[in-house]
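The structure appears right after this line, and notes come after that.
Chains here go by letter, A, B, C and D, matching the order in which they are written, and residues are numbered from 1 within each.
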Amino acid sequence: MQSSPQSTLDTFPKYLIRNSDVHASRAAMRHKNYGVWQSWTWAELFEEIRAYSIGLQLIGLKAGDKIAIVGSNRPRLYWTFAAAQALGAVPVPVYAESVAEEMEFVLEHADVQYAVCQDQEQVDKVQSMTERLPALQHLLYDEHRGLREYNHDKLHSIAGLQEQGRAALVANPDLAKEWLQGIDASHGGELCVMLYTSGTTGRPKGVMLSYDNLLLSSLNGNAFDKLDHNEEIIAYLPLAWVGDHVFSYGQFLTAGYCVCCPESGETIDIDRREIAPTYFFAPPRVFESLLTTITVRMDDAGKVKGAMYKYFMAVAERCGEKILNGQSVNIVDKLKYKVGNLFVYGPLRNQLGMSRIKVGYTAGEAIGPEIFSFYRSLGINLKQLYGQTEASVYITAQPDGEIYPDTVGKPSIDVELLLADDGEVLYRSPGVFMGYYKNDEATRSTKTEDGWVHTGDAGFIDDDGHLHIIDRAKDVGKLLDGSMFPPKYIENKLKFFPSIQEVVAFGDQRDFATVMINIDLTSVSNWAERNNIAYASYQELASHPQVYDMIREHVDQVNRDLSEEPRMAGAQIKRFLVLHKELDADDGELTRTQKVRRSFIAERYLPLIEGLYDGSTERFISTEVVFEDGRRGEISATVRIEEMEIYGASELRESA
Amino acid sequence: MSPDVLYTIEVILNGLMAGVMYALVALGFVLIFKASGIFNYAQGVMALFAAMTLVGIQNGQVPFSHLINAIFGTHIHHFGWQLPAIVAILLTVVVMIIFAILVERLVLKHLVNQEPIILFMATIGLAYFMEGFGDLMWGSEIKTLDVGLPQGASLALEEYTLKWAAEGTEYYGMYLDKLDMVAALVALGLVIVLSLFSQYTKTGRALRAVADDHQAALSVGISLRKIWVITWCIAGVVAMVAGVMWGSKSGVQFSLSLIALKALPVLILGGFTSIPGAIIGGLIIGVGEKLFEYSIGPMIGGATENWFAYVLALFFLVFRPQGLFGDKIIERV
Amino acid sequence: MFYRQAGDFKTTYRDDIQTFPLKQDRWGYYIVLAVAFLVVPFFINDYWTSAVMLPFLIYAIAALGLNILTGYCGQVSLGTGGFLAVGAYASYKIMTSFPDLNIFIVVLLSGVVTAAVGMLFGIPSLRIKGFYLAVATLAAQFFLVWLFNKVPWFYNNSASGQISVPERSMFGFAITGPNADAPVRYLFCLTFLVLLAWVARNLTRGRLGRSWMAIRDMDIAAEIIGVNPLKSKLSAFAVSSFFIGVAGALFFSVYLGAVEVGEAFGITQSFLVLFMIIIGGLGSIFGSFAGAAFLVLVPVLLKNIMVNWLGWPTDIAVHIEFMVVGGLIVLFLIAEPHGLAQLWRLAKDKFLLWPFPH
Amino acid sequence: MASGIEPGAELLRIENISLSFGGVKALTDVSFNIKRGEVRAIIGPNGAGKSSMLNVINGFYHPQVGEVWYCGEKRKGAKPHQIAHQGIARTFQNIALFKGMSTLDNIMTGRSTHMAANMLSQAIWRGTAEKEEIKNRRYVEEIIDFLEIQSIRKTPVGRLPYGLQKRVELGRALAAEPVLLLLDEPMAGMNVEEKEDMSRFILDVQSEFGTTIAIIEHDMGVVMDISDRLVVLDYGKKIGDGTPEEIRNNQAVIDAYLGVPHE
């Protein structure tokens, strides 16, 4: 249909055109809206995006302009990428739920002239900061609700723009051709998108990625997992996150598969089940919470069903992964697994909407081994990958059949790895970013002349060539006795226990390692119910002696493990406490991607940390918190601190 | 007086008698409805069952004899005694009380605060069960019931009314059934006893309280379940009386249970909650259908009693849904 | 447990509101249909046809009818027997007055006649509710039966007062009369049942059905939001009576062949059908089938056990049957007021949620 | 019918209404009007006759004395369902949802006034019936989206928590695309957040659909916020009528409310 004098496929708009030719009548996008999955074929999608793009052109969007995208996974917001790129403009997705000042910084720093908002809420947010955003010219919105009364000189509905675009196309036949020529003129080296990394420390940095970066890593990703136009995925992660950008946009266009947008936050689970994606991606958090809900729900099961579930899950644990990896298992187990598949695994996959998954990925953080193997043992091909915005995601990934929970896999296609002396991992690949926007000094410090990029993560490569990540390189500290102290490593080991939600470890430049622990409300409260432990509040539950005992066991377990590894033995946990409140992004204790802000916490809970080291058995603490409705308040408590026993580094390893 | 007038009077009187019979059954409905808001379709079957039991006990029948014989190939039928009516009646009363308790235990208890229509259907089920049970227990053949009530026409009355007719006309005096008269008296007595009971006994007052307002009654500590048992007992007894009357009139047989259906229109007219209503409704229906049959019946093939009552009730409903004595219903939202 | 909803998603409202949204259900339905039409006819003999199949099919139609009125629209009726009679006599009169008329048409027309009568007796429902209405419908029951008894025109002055069906055939197959073969009669009734069930489903899932349920659940609110009670109730009576009329016509012409109104269409019929929908489940199409099947099979079963196995006299069997049926009604009203349909629904939910308990 | 009425012009006029049930006076000589597009509150202590007033407006009660003028026409003994067809919809003080039906079906039922397929086409589910079903389903879905109740679309309303039921009932009323929407204590028994949501919805309804709204509500704070004008009833008599300001300073009203706890 719109076949243009095709040059090489080196930009996303070109892929859009390609798909509208090759897959014209295939579903390109779905959106659960008004009760059913509204669908667009590639041909329709092309038409929509072109109209949109022309519309943008009419209100003056031109090459080089920055256009912010604020909102959740809605088709029109995804269209904005292509529509803008077709005109040579640069889309800048922003974390919709980020607090005003964060968003304002990004919009200001990226000096965006246009902003596309999902709905009234976002429009209000952006408009509230207009006077501090001189560059901003036009606001666009997807959902008109509640915006009727607003002044519309500088405010446009996307649908409205599309109408204008269509009208213009009719009025002026050449427009379409010019538009296509514009696309042909562009090339792969150009800036394609700017993604702001929600830095755990300091201000977010704007990572500039070129078409080549994203296209190549997308294509490599497709090749690595044999993804093609038959995939269906469900887009539910923040648009501003590189993961979503590659999966729901890069690979979407390059592979030509179908992206489905859920109806709303509450319905995501149902929507996933309805669509049953063939390719799935989620940070460990999602898998954790899914597993927790499964266990919680199964706990209420009747005797028979409960027993059956336990039995077959045991079978799966024994041979499920082997079967998935195509290793040989004895015939009896094979049979048992088949039965289990009929009665438990199959239905479970069905409930999770994972019956059709070809490949599932977890990344962003380390995932608990048992969580990881739980899904694999169900027959879901879940894999880990290690990536970064700066690398357009892929650095390493686990190849099929070579899955080890404690590694993040082998270098992805076209990726080279290098280990610095301090153990930091460096990489070089076609996906490597152009640089940080308006921040050369940061660029220089991360990216060497010859294109190596510092991941900032410490790790090592084992004999099979698999990469192990220990921790953030700069976070790997030393105890005063000189032994190594990898906080994240310790924290993750603890976090792998379902009853533990969040952990903050201390020890750098100190005599010994200590941890602050956040219990996981869902699983612990459930545990409390079953052991009929009464409690009135999170605080009371957290400070309950029996809870302490349970946590104590976990910590002890971790200490044993640490003592097994000579390099870590010194970092055993000497004292711990259970925090009286949940760490919360609204209080700035976590980042928007739910990573802990170590330094911030360190000063916020100073008294407790002193307590951890001055040998006192309890400490009083009072902190300011922000409630959901924005009100501020104080909460205070006296937190108990407990002493742990330390194990000698295991002789076995010593001798080895 | 011309014979026609006299005939008419006779018809009316007969109607009144029949009406009393209907009223008798209707009474049972009203009692239960007032106390528990249940529309007890089984009332008719209760009457049948009571009558059967009475006959059975009186003639010393072996309960379930047919079944027993079928299973063990035996040939037992009677104990071979004859009990005096009064004893039989008392025993029957006991049976009905046991029955009432069972009903409460097994059925009502589990159906508290269900919609009336559900309860209604439940009693239909109950009726079916009892019918089968009664037949199984005493056999389904038609039985004659004789507790020594006077039978046949009252000759005295015939003699007495002979001379009322105008000279020279053909008239053989008024035909009234003694049994009907007795029934009328019994019904009257029953009503008086019941009203005294509900006026002057503690239980009676409790009954009224419950009828007026369940919640209130409960809050002042009247046990609903106890009340229900009592009402069902009373209803049982009333059913027995009705059963005896109808039984001695036209034999104890299945059709007896259908008088329950006849009582429905009576209630529609009289309202579900008023004892006098039941009586008057009964009389109206009785007289109405007799007169209709007498005057119009012949023209349209007779046997109009089968439906007259219902059609009357139907028209009545359409024009005065709340019944004779009910007051206007104000719907709120 | 066997359900796999994953990947079964709807892109249009048409798909979303179809009768069997789940693929597996849809297939189950097709299979049942195929078996009923293509397999069963080759295996049924006269006994099965007359003892089980025909009664089931015909009562299912009647139950559907009553369920529309009572289950969906909330108007309790005890006049079913009477309306069955109307259907039967209508078909008789039509057949005898228009000998050449196709039997299929005849049955439909009987339904139409009954619908008219039903609407007539439905008028009181505009003023009265609950068992007041139930009583009013008794008037229909008794009056109609009496009418067909007393007015010779209805039974063409036949000496016996009975009506007996003349032979009628379609495509060369005798449908009615002594020469009709079991499979043919079965298929004839089955066709009507499937057709009417489909219609019932369509009516109950659309505007009309919703207005019925609205009247049932809260009539005042319904009227205030714009549901016309007159139309809703009368349409319910009409549709319901149409179904029952068709059932009556089949009952007489295909099943019994000759009837005497008093015994064939007495009050007991009214109760029987009412029981069917209570046990089956009020306000459920499936329930109508389940209830009919249940109450047709239970007696057959009991009879076989007690009479044929234990060799008890029939009358005892009948008594016990009464007890069992009555007992079941009470039991259902206590344990599961929504009947077999609800049990089915729960079981299904269990499977849908499997392995999760809730 | 209402199309002729400009925003701000009189939509409905109550003239000297008196209503009594068997001697018990519910309303005595009440007169007021409602203008197109406004939020008109009817307030007053318990038993002041507010609900009776709504019942008169939507024709459920027929006052012995007085006239109701709607869209410039005097109403003569119309039935509630006819009045619904004239564009008056309402919600109820104690929720009057159809318990046996799903959220979707409840709201679809509210759509009846816009559906007209004949019985035959419904019976065979072809042609107009199906088309109209789908068309209106779409509209209903927009309401569901508007009220943010997607997640309970197919849940039987009986199982829903109180707050959501209230929302569904609002949805059912909106489905009729009413000209005049009567809300009978839409926030009774709600907590602060729920009340805020509900007020937002009500105001959105007014702005999105240009619906005229008559609301009974006890929460003075909320009423004063969202309503343009108020009528105050006490013992069936009108004791005040005007803007929130005027009402606040109306002595009669203050007296009526003295000692009357308003939740």
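Keep this in mind: a contact is a pair of C-beta atoms (placed from the backbone, for glycine too) under 8 Å apart; a residue touches a chain by one contact, two chains touch by 3 or more.
Model, not experiment: these values are computed from the prediction.
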Result of counting contacting C-beta pairs for A-C and A-D, higher pair: A-C
Chain separated most widely from chain C, comparing mean CA positions: A
Length of the line joining the C-alpha centres of chain A and chain D, rounded to whole Å: 46
Rounded Å distance, chain B centre to chain D centre (Cα mean): 50
Separation of chain A from chain C, taking each centre as the mean of its C-alpha atoms, in whole Å: 58
Distance from chain B to chain A - Cα centre to Cα centre, in angstrom: 78
Set of chain C residues in contact with two or more other chains: 13, 16, 220-221, 224
Numbers and ranges of chain A residues touching at least 2 other chains: 35
Chain B: positions in contact with at least two other chains: 333
Chain A - residues contacting chain C, complex: 30, 35-39, 273-276, 294, 297-298, 300-302, 305, 308-309, 342-344, 346-351, 353-356
Chain A residues touching chain D - in the complex, by the definition given at the top: 33-35, 145-146, 148-149, 263-264, 266-267, 270, 629
Complex contact set, residues of chain C against chain D: 13-14, 16-17, 199, 202-203, 205-208, 210-211, 213-214, 216-218, 220-229, 235, 239, 283
Of all residues in chain B, those that touch chain C in their complex: 39, 66-67, 70-71, 106-107, 110-111, 114, 116-118, 120-122, 124-133, 135-136, 140, 258, 261, 264-265, 267-268, 300-304, 306-307, 310-311, 313-314, 317-318, 321, 331, 333
Chain A contact footprint on chain C (complex, rising order): 1, 3-13, 15-16, 353-358
